[in-house]
């Protein structure tokens, strides 16, 4: 059994039952919707209690339940650059704005990155008379580049004046 | 003169003068920093009044000033997938979370996309004792797929029950 | 069940029954032929009433009918650059004429794009003694780039003189 | 001298003089704007009389004038897939709708292609209270696949019942 | 059923029966061998009478027969650049000689292309004491680039002095 | 000096003088036009006597003349797949017809290839009331795959029954 | 049945029986081991007598035996650049030394190639106290580039002074 | 001035002076050699005091010194997959061992990554009679995936039983 | 049976039994965990005694056991660049630091590489109050480039002054 | 100064002087022609004495001489797959025969690779009445995969029965 096979099975059940993502996320609970949906789609893992609830909901075997608790090989199954227009627009944002984000974050924080791991995100609907808007707020921990020393001792300069 | 040559010239002046992006953005004014920095880096345009201020600041010729007011060939000069770790982390967010975003946005809004054009964004620093965080808030107009009819008349179904 | 499997099944039935696309589109109704054929080929969704008619026509299960009403992962299954000569010619038009289209649209409308979402299209046959012609008329909403301000307030400059 | 160098020179002059594309196209005359702009951008050729007018307008040498009358190596200088959002939207249209166009054109015309060579196109602005639209009308000659015979004699079946 | 599955079935029958391509082409008849073999391999279509003969020869179902009469998604199933040495040599000819062909055809015919659609080809064996040679003769219609005018009226300049 | 620089210089002179390829080929002489034009474009070499004539015609230095007599790094400077429509059509012919050519050549000749090295080609214009045609005749030596033996002795089976 | 399926079946039998390649090659006989192993792996063909012996050894059907006597679509199934370290080292040798080989072969032989078709190869083990070595000796026929003439008559210059 | 130009200048000076990397690193001081050499090669930044020392050593202008203190666009200038054998071997280690590293790190630490930012590394020579060895020791902070909750409150599960 | 099928079977059993990698590695024994896990995942081979223990543990057939003792086609099944964040971080380390590693290793050892074959590696957990760290120590034999002589006699210069 | 610039300069001098590679290799001496030519072309290094002779021959500066003694970034400047027919034929040999070489070397030597570093090669001309042949003999040290143990102690199994 591959993770993609399990994803396909879960989507088949969702389709047959006519469940919404909202219903699935509330039943499994515990995390944000992006994480739970991500796990169903094979990009995230569920915790053991969540996997148990998913097993009950979808009627899964022990092995399938265990697989939902495994860290998947992330990124499998999505072509890059994304061909789907909804996902491509985010890709385009990174491509067009990436250099400016880099310049501004580095001026504010020094040399480092915004973590894509210690990271959270909320998606909301903003009602708007000209057409509703999708609002996405995300925050990731800034991780300064480690400038380790010639002596083998670590020293962090990231936030200091350099 | 290519836009990349102008970018290189502007960065040389910034470096020689020791200016910060903050200083440049305040001097040029009018738009958010992401847009102004994006224009300096050759991915956005400045309005005519902004270009005039930039010309004064950097000492530009009329042709260089006009070029800053032109829409550039966006996306030029950045390798994809991004090799720079800071920019790659955003790319990874899209690759790993894209399918979940798609599922949730489509359940909430129907068939369509979040515009990458009618779109704004704010970047902030969130102080945090475990390490400061980069906060990014963005909102884009939801654009429903147009389901035009067999008669040639348009009809929007995007937000209706389907 | 993957969307590609459903597409294959629908094409098998079409082939066995000897149906034309015209017949299928008239039976399902409601939208232009490009959209209905696109949905059968797995690139578009049908509305619920359309999916019901398609289910009746093709003899589909509830889950298959539900899948036709889902937004597919668009762009799957077509290699790019297209290898098929008919599709490649359109790709070539974009590659060769894209820069001129960009120059002319931006001069006329300002900075922005022609939407590929709020978009419609009609295809017709033009009889011509030297050989009939394919006529394609399409119109997409112009979406001006949003130039949001430093204050966080939105402001649209797209159509104004800049 | 490469064609790209000539393009850069022409754009520099256009920028310095503050000319619009409309002005350039009217001065050079003879063809549609898409063709004339395409030639300035290095993707099309000008006829000899047009090249002469362009030479007068831009103050070109004999060799530069001759180069504008040469067929360029088309497609040079544009990355594919296009990174620029305006051009990408057209690319996306081909990727998402290509299979449906193929199905409908082949049902109507038989086996063949819409020529990208014997092809014309008009771009217009459609005023619209919800936001103006870009209208593009194009027509290309349908070219039936040649089904030549075992005898070495040609025979066209494209438009016949097969 | 995919076209590739049908191709595989046809090749299995050919192999079991020990048929040559020559025998298959003579039985199906009507077109040159390159077209008939191309259709069996899933790159071309057979006309209805040819498909009927193929059905009789291979013992095909109505749906399989109908599929042979469909235009396939051409180019599927061949990696590019070709890995097979026989096919690669043709690819190499295009890569090495393409620019010279372009220069010579354009000098002789003006701006345009040799059609790959209105095109025929004969392959022969040339006995030669130093080793027999493969002789390929092909002719394609020259298609001049359409230089349509600013008025919207078409005008062909391809063959005229420019 | 790179070969591409020499090509650019030669094309500049051709453009300034208003020479045709026909004139250049006749002056240099000795080989077919495809080879001579290929050498000017940097894909082929000229023999010493030809290079001497080219040197006289173009007014070249000894080093430039020597470079025309060198075998270039073939294939440099042409993007693959070709973006230029004229060259792409040949590429498409290989992609669509390659598998059929392979089947037919191998049935006729056994296991081997048509040489792209011991190869010649003539291009002609075929007058035709429906539009003139480009005729290309080429012949390449068939090279049978060498089936060398376990003993280390060579043995050719290519043309024998296998 | 695809060639890859037959390869998988043959490897399964080899594995179950515990046969070595040496044993298989001796049983099938007639050619060098590289060719016989290549045929089992789907990159070469066996002659009819060899295929008959292979059929006896592996217990193959008539269709499977016929397939071993067919020329396969060579190069299928190997990713390039090779990911396997053993194969990659050869790829690296070509990449790093290719330009030097080209320079030396062309100085010695004139313009042409070493055939990869009329080619043989022996692999041996060289005992060595510092670690045994793999010795590979190969020889390929030199094929001079054909410099055919303007008259349409062939003329070979490859080995003459040029 | 691009960072690559500065790198080229620094390497020219190093070459003319005959300096070793060891000498350069000792003179600039403060960090490990990998970081200092990385900065000279355009992949890392130097701190201000280091850049000052580098300026003195290499005789740099103020702008060049400032550039050494800037975060570069990392990853520029190295083709991937690496063509250089020394660098490729590390790439191969990741490709071949990556899945096993993932399995073992996730079993030991839970869902997360080893940081490539909060990361240090020492390279040493291990004398060995069979041939000296390169020893590389590296340690990176483990970053657990953030499993933020439905409430918008963060909660870290990374190290807990799941 | 493909190696990927065997991997999938082994992972299914591991999942059903709830075994850890640690348990599997201890049972199979003999080598480091990276090698044993690599073999289960299809990138390494097990020795015969190890394969026998694996067969007992997983209940494998003789053919499956033999396959675990075969050298696999390494690198199959992992997309490059890696999409999984954990594996990508190692890839990034190579891309960003590769040129500096090359400079330092070559200065210390001369021209050559660190072997990725005669190579070992240990992975450990470093407890750390700021967050535990992953420690990786690896050593590979330095292999000097062979500078063989004009006489055909070998001579190693790698470690000598050059 | 980049290595490619030095290569270009050396080739210019070779061309102006009319030197052969044989003459250059004899003058520089010490190594095989493949290595010396490789160094001139920027893929190998010369030893110090060789570089000194090259400096005398070509009239090089001290910095240029030092650069010839540096290890270059190998593989730069050659497109892969190779477009030049002479180099492509070697690439094709690896692609078509790679899997068979792997099978035979592993059966003979066990798990490991043939080194591309501890490697030498001789190229010769084999006179042959049917056309002279290029003979290439190469030998590379077999490097067994290191199967290091769970204890951290190394143990080589490569040549033992496994």
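Chains: A, B, C, D, E, F, G, H, I and J, in written order; residue numbering restarts at 1 for each.
Just so it is clear, contacts are C-beta pairs under 8 Å (C-beta built on N, C-alpha and C of every residue); 3 or more make two chains touch, one makes a residue touch a chain.
Here the structure is a predicted model, which is why all the values come from computation and not from measurement.
Undergrad: Which contact partners do chain E and chain F have in common?
TA: Expected: C, D, G, J.
Undergrad: Where the centres are mean C-alpha positions, what is the separation of chain B from chain E, in Å?
TA: Using C-alpha averages as centres, the distance is 46 Å.
Undergrad: Measure off the straight-line distance from the CA centroid of chain A to the CA centroid of chain E, and report it in whole Å.
TA: Going by mean C-alpha positions, chain A sits 47 Å from chain E.
Undergrad: What are the residue numbers in chain I that touch two or more other chains?
TA: Each of 33, 35, 44, 73-75, 78, 80-85, 92, 95-96, 99, 102, 106, 112-113, 115-117, 119, 121, 143 in chain I touches at least two other chains.
Undergrad: What are all the touching pairs of chains?
TA: The complete list of chain pairs in contact reads A-B, A-C, A-D, A-H, A-I, B-C, B-D, B-H, B-I, C-D, C-E, C-F, D-E, D-F, E-F, E-G, E-J, F-G, F-J, G-H, G-I, G-J, H-I, H-J, I-J.
Undergrad: In their shared complex, at which residues does chain F touch chain J?
TA: 1-2, 62-63, 66-67, 70, 73-76, 78, 80, 116-117
Undergrad: Quick one: which bits of chain D touch chain A in the complex? Just the residue numbers, please.
TA: Chain D reaches chain A through residues 81, 83, 85, 88, 92, 95-96.
Undergrad: Quick one: which bits of chain A touch chain B in the complex? Just the residue numbers, please.
TA: It is residues 20-22, 33-35, 37-38, 41, 43-44, 74-75, 77-78, 80-82, 84-87, 89-109, 112-116, 119, 121, 123, 125-126, 128, 130-143, 159 of chain A that touch chain B.
Undergrad: Which part of chain B faces chain H closely enough to touch in the complex?
TA: 8, 12, 15-16, 18, 79, 82-85
Undergrad: Please name which positions on chain J make contact with chain I in the complex.
TA: By the definition above, chain J touches chain I via 25, 29-33, 35, 44-45, 47-48, 69, 71, 73, 99, 102, 106, 111-113, 115, 117-122, 143-150, 152, 154, 157, 161-162.
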